[in-house]
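Both of the next two complexes hold subunit A, though its partner changes from subunit B to subunit C.
Up next, the complex of A and B:
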């Protein structure tokens, strides 16, 4: 195949489809405009992204951007433990011994067969009422020196919300980790048994076999599905709004109610989510390319 | 180990896959420097037998002894034994994420504890011996089947094993590539390597083997020097097999 022949060209079928889609959008706009009688007013939105602070004389993030930053924090912070859960339980899922297999299977099935929302309602109760006081997060934050507090705020957001954010992160990581476990398991099991045999026959120990032969190959295979799961994680973080974690969706609901600009607020929020997730998609596409095996 | 003791001894080895018996009371002794070819119809247990020698398959009855050590369930001991037994597979089984050179260096660095420089020298020496030193930097997928199989032989040789097991090394190759691989195996035999080869290449058996074993239904029917094996085999089943294959 010549390099040029793969470039996409629009045929007449594509033109018809595009025209039909365009017509549908126009019709929808017409319906919204004339039948729904919705008066668009975007003027309030920018103020809810950034507002002018009279006291400091600076632009500061308002509700929507505050929520957006919290969402980014939640996503980034929970990706790490979620990936860790996924990796550890995924490996245990393929173990030879019964107990580790049983343990990780229980974890996966328990979480996968309960709606995320229900899981979070139950699990959050335990974390916020039992585990957080034991860990003493609140006390720690209260007693932290200004310098520590500044770095804590950089990672977790406003000090008052730190216990709240941590609970959210743990919930999210727990249930996303279960899905990642299954991805990791599938990746490991997709490496043919003959690779294990080849490794064993040159005398590799079990650990070296894992480290040098199985995992490097499995990791490459799980990057695309794992990327999808990370994006799902970002989107699913909106569920945390229902346990009053003040992320984007939670604050958007407040904004929508207080301004009554329901569509404008939610379309803005959709745009923010899309931007974040699309950036992730692009990042993973690059990662996939850079780790691709040399092939003819 | 006394000089008369065999390097490999299979003593009454039997194995079942579920209710199906794949190996029936197999006895085989291989001395240092000997070259054994195992042939027989498909499903006769040849591959299973050879895989029992480095315990990729576990046998249920009898004993497998390598250099005076009986193979058991002890993993650490097994790992030590496997360093000394090279194995070449029908489908090459190179590590696709590593270059040919890295494939060859993995065992010496991770198992024998050699430095990268030492392992590289050794790998290049053996890649030269299998006549593909120029392919060292490539990944397996960029090589022809014959080159891949020779790389796999080099990978095994880099461990300086005391015996090489070949499990139908040429069955996945076309005729030109078969010759490349057989030439390398001939060189290896001339260098005095102990070899156990499962193959249908009767020409190789005739010229290289010290003994040819014929297997059928999980048992070794007879094991003779090639001239007698091909000229006047004793068993009816061997005769039938030879008349089909020659």
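Up next, the complex of A and C:
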């Protein structure tokens, strides 16, 4: 019997701890209620998740769920360039030559030493705003044929929001990429030098050394911290509300102001974020287990 | 030796100088596209893009998630009169001026009042609305305070929405009082409801609506206007054609009474409450 296979059982200590935690929550609720002059009214919330559309006769997502889907889109879409930045700059960080090291170090230090909120504000207004018109995303979407538009909408969401979502993705990927760079660098550097020496001594080329010896080992090591970073990315996407990307936090603010149900809206939103991130945690734990299994 | 060779340095200097010169030229001589008035851009695009910020009753979300409000009526009619479609760009209040400057939309129709400091950065049309500033106070904390002189004390705390006219009014009218600034009106109100601040300043009809909803907690020290706002469209600088067009649109719709009629509907009645917040009790 290995230690990991022991099933957890609920003992009396656990019962005491659970009871204490429950009591603490009840006390907190009681305190909040006595300090906060607030009339709770949850009736408006379900309608802002899903509403009945009389025209089409179907349930359609309303503001909060639209925002939730945009958040998921943002997270998934920015994960790809962020991982790419992380991989490329991470490898450059370990390069022998000075220039690639300087380049990637500048990128990492510039972003890591500016608060995300400040970075996103600056990057969006000074850089992304210059790049987006040059790329002509907006004109492209406006002129796109219905068929192209349909496939674009599948990936980026409603047509009117495509430029908005892309700016969000670029901002998020830029700053998450810096953290991923550091994770990848640490992963590569954790492979002992003797591995490189051994590889070279059996006559592997530089490229083969990377492909067959270093990267497979490094990748396995960086999966857990990268997973953590991905969850951080989902949560950090809420910062994009500052630059009016129509994601969950932004639309929650709009909903809260319109309905005047501030706390109900934010508690719902907290639940949505928690659900999403917790699901991701579970998925990554499973992934980690399967890669650990593959190694043995 | 390599480091003392003057040539790479010279090449670099030339490169930098050229780059700066090119950048400078771009800055001084705007490309032809920038000289086009935004009015022409709108017509070519076939849609008017309007920056709005959610703020009762200027722009709100109804139960279907659609934007409604005074602002929305104004922008919709403006676009219809221009013969183009309308696109709203919901923007957070803090970033609405940078977003206009960055070209995210053509015009701010966001209940923005004309202020000299703002006017240094953007252009304003003539005003299309004049909102009034009101006050709601905590019954328990402020009942004994004489209006208005009793409120101008260090021990009295006001709340207001950050970056809005209300905060300026507190500074102007009650210079000795303590001010706490919040991200939106509802947080500012909540603080007064909780008894952590004496009074909240906000534009009408909100103070009246709040006091009507919680009469046992709130009261109105006065129903006068603490200040009168001049709300106008905000535009990027250097576009006299657009300024002329929008200002005259406002003038025409002021004269024919349309703006006043819409303003009265959103600001002086509560008939719209049921569209936005079904089930809540309209105030008088």
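In the analysis below, the second predicted complex is superposed on the first by the 272 of 296 C-alpha atoms of A that agree within 3 Å, B and C clash if a C-alpha of one lies under 4 Å from a C-alpha of the other, contacts with A are read in each partner's own complex, and residues count from 1 in each chain.
Methods note: contacts are C-beta pairs under 8 Å (C-beta built on N, C-alpha and C of every residue); 3 or more make two chains touch, one makes a residue touch a chain.
Every value quoted in this text rests on a predicted model; they were computed, and no experiment measured them.
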{"item": "Touching partner for A:106 - first (subunit B), second (subunit C), both, neither", "value": "neither"}
{"item": "Comparing the two partners subunit B and subunit C, which touches a greater set of residues in subunit A", "value": "C"}
{"item": "Contacts of A:208 with subunit B and subunit C, given as first, second, both or neither", "value": "first"}
{"item": "Contacts of A:148 with subunit B and subunit C, given as first, second, both or neither", "value": "neither"}
{"item": "Partner chain in contact with A:198 - subunit B first, subunit C second, else both or neither", "value": "first"}
{"item": "Partner chain(s) touched by A:190 [first = subunit B, second = subunit C, both, neither]", "value": "neither"}
{"item": "On subunit A, the residue positions that both subunit B and subunit C contact, one per complex", "value": "none"}
{"item": "Subunit A-facing residues of subunit B, complex", "value": "54, 56, 75, 79-80, 82-83, 85-87, 89, 91, 93-97, 106-107, 110-111, 138-139, 141-142, 152, 155-156, 159"}
{"item": "Interface residues, subunit A side, partner subunit C - complex", "value": "35-38, 43-44, 47-48, 51, 53, 62-63, 66, 121, 124-125, 129, 133, 142, 160, 241-244, 246, 250, 253-260, 262"}
{"item": "In the complex, subunit C residues that touch subunit A", "value": "45, 54-56, 60-65, 87, 89-92, 94-95, 98-99, 101-104, 184-187, 190, 193-195, 214, 217, 276-280"}
{"item": "Residue numbers on subunit A that touch subunit B, as the complex places them", "value": "194-195, 197-206, 208, 212-213, 216-217, 220, 293-296"}
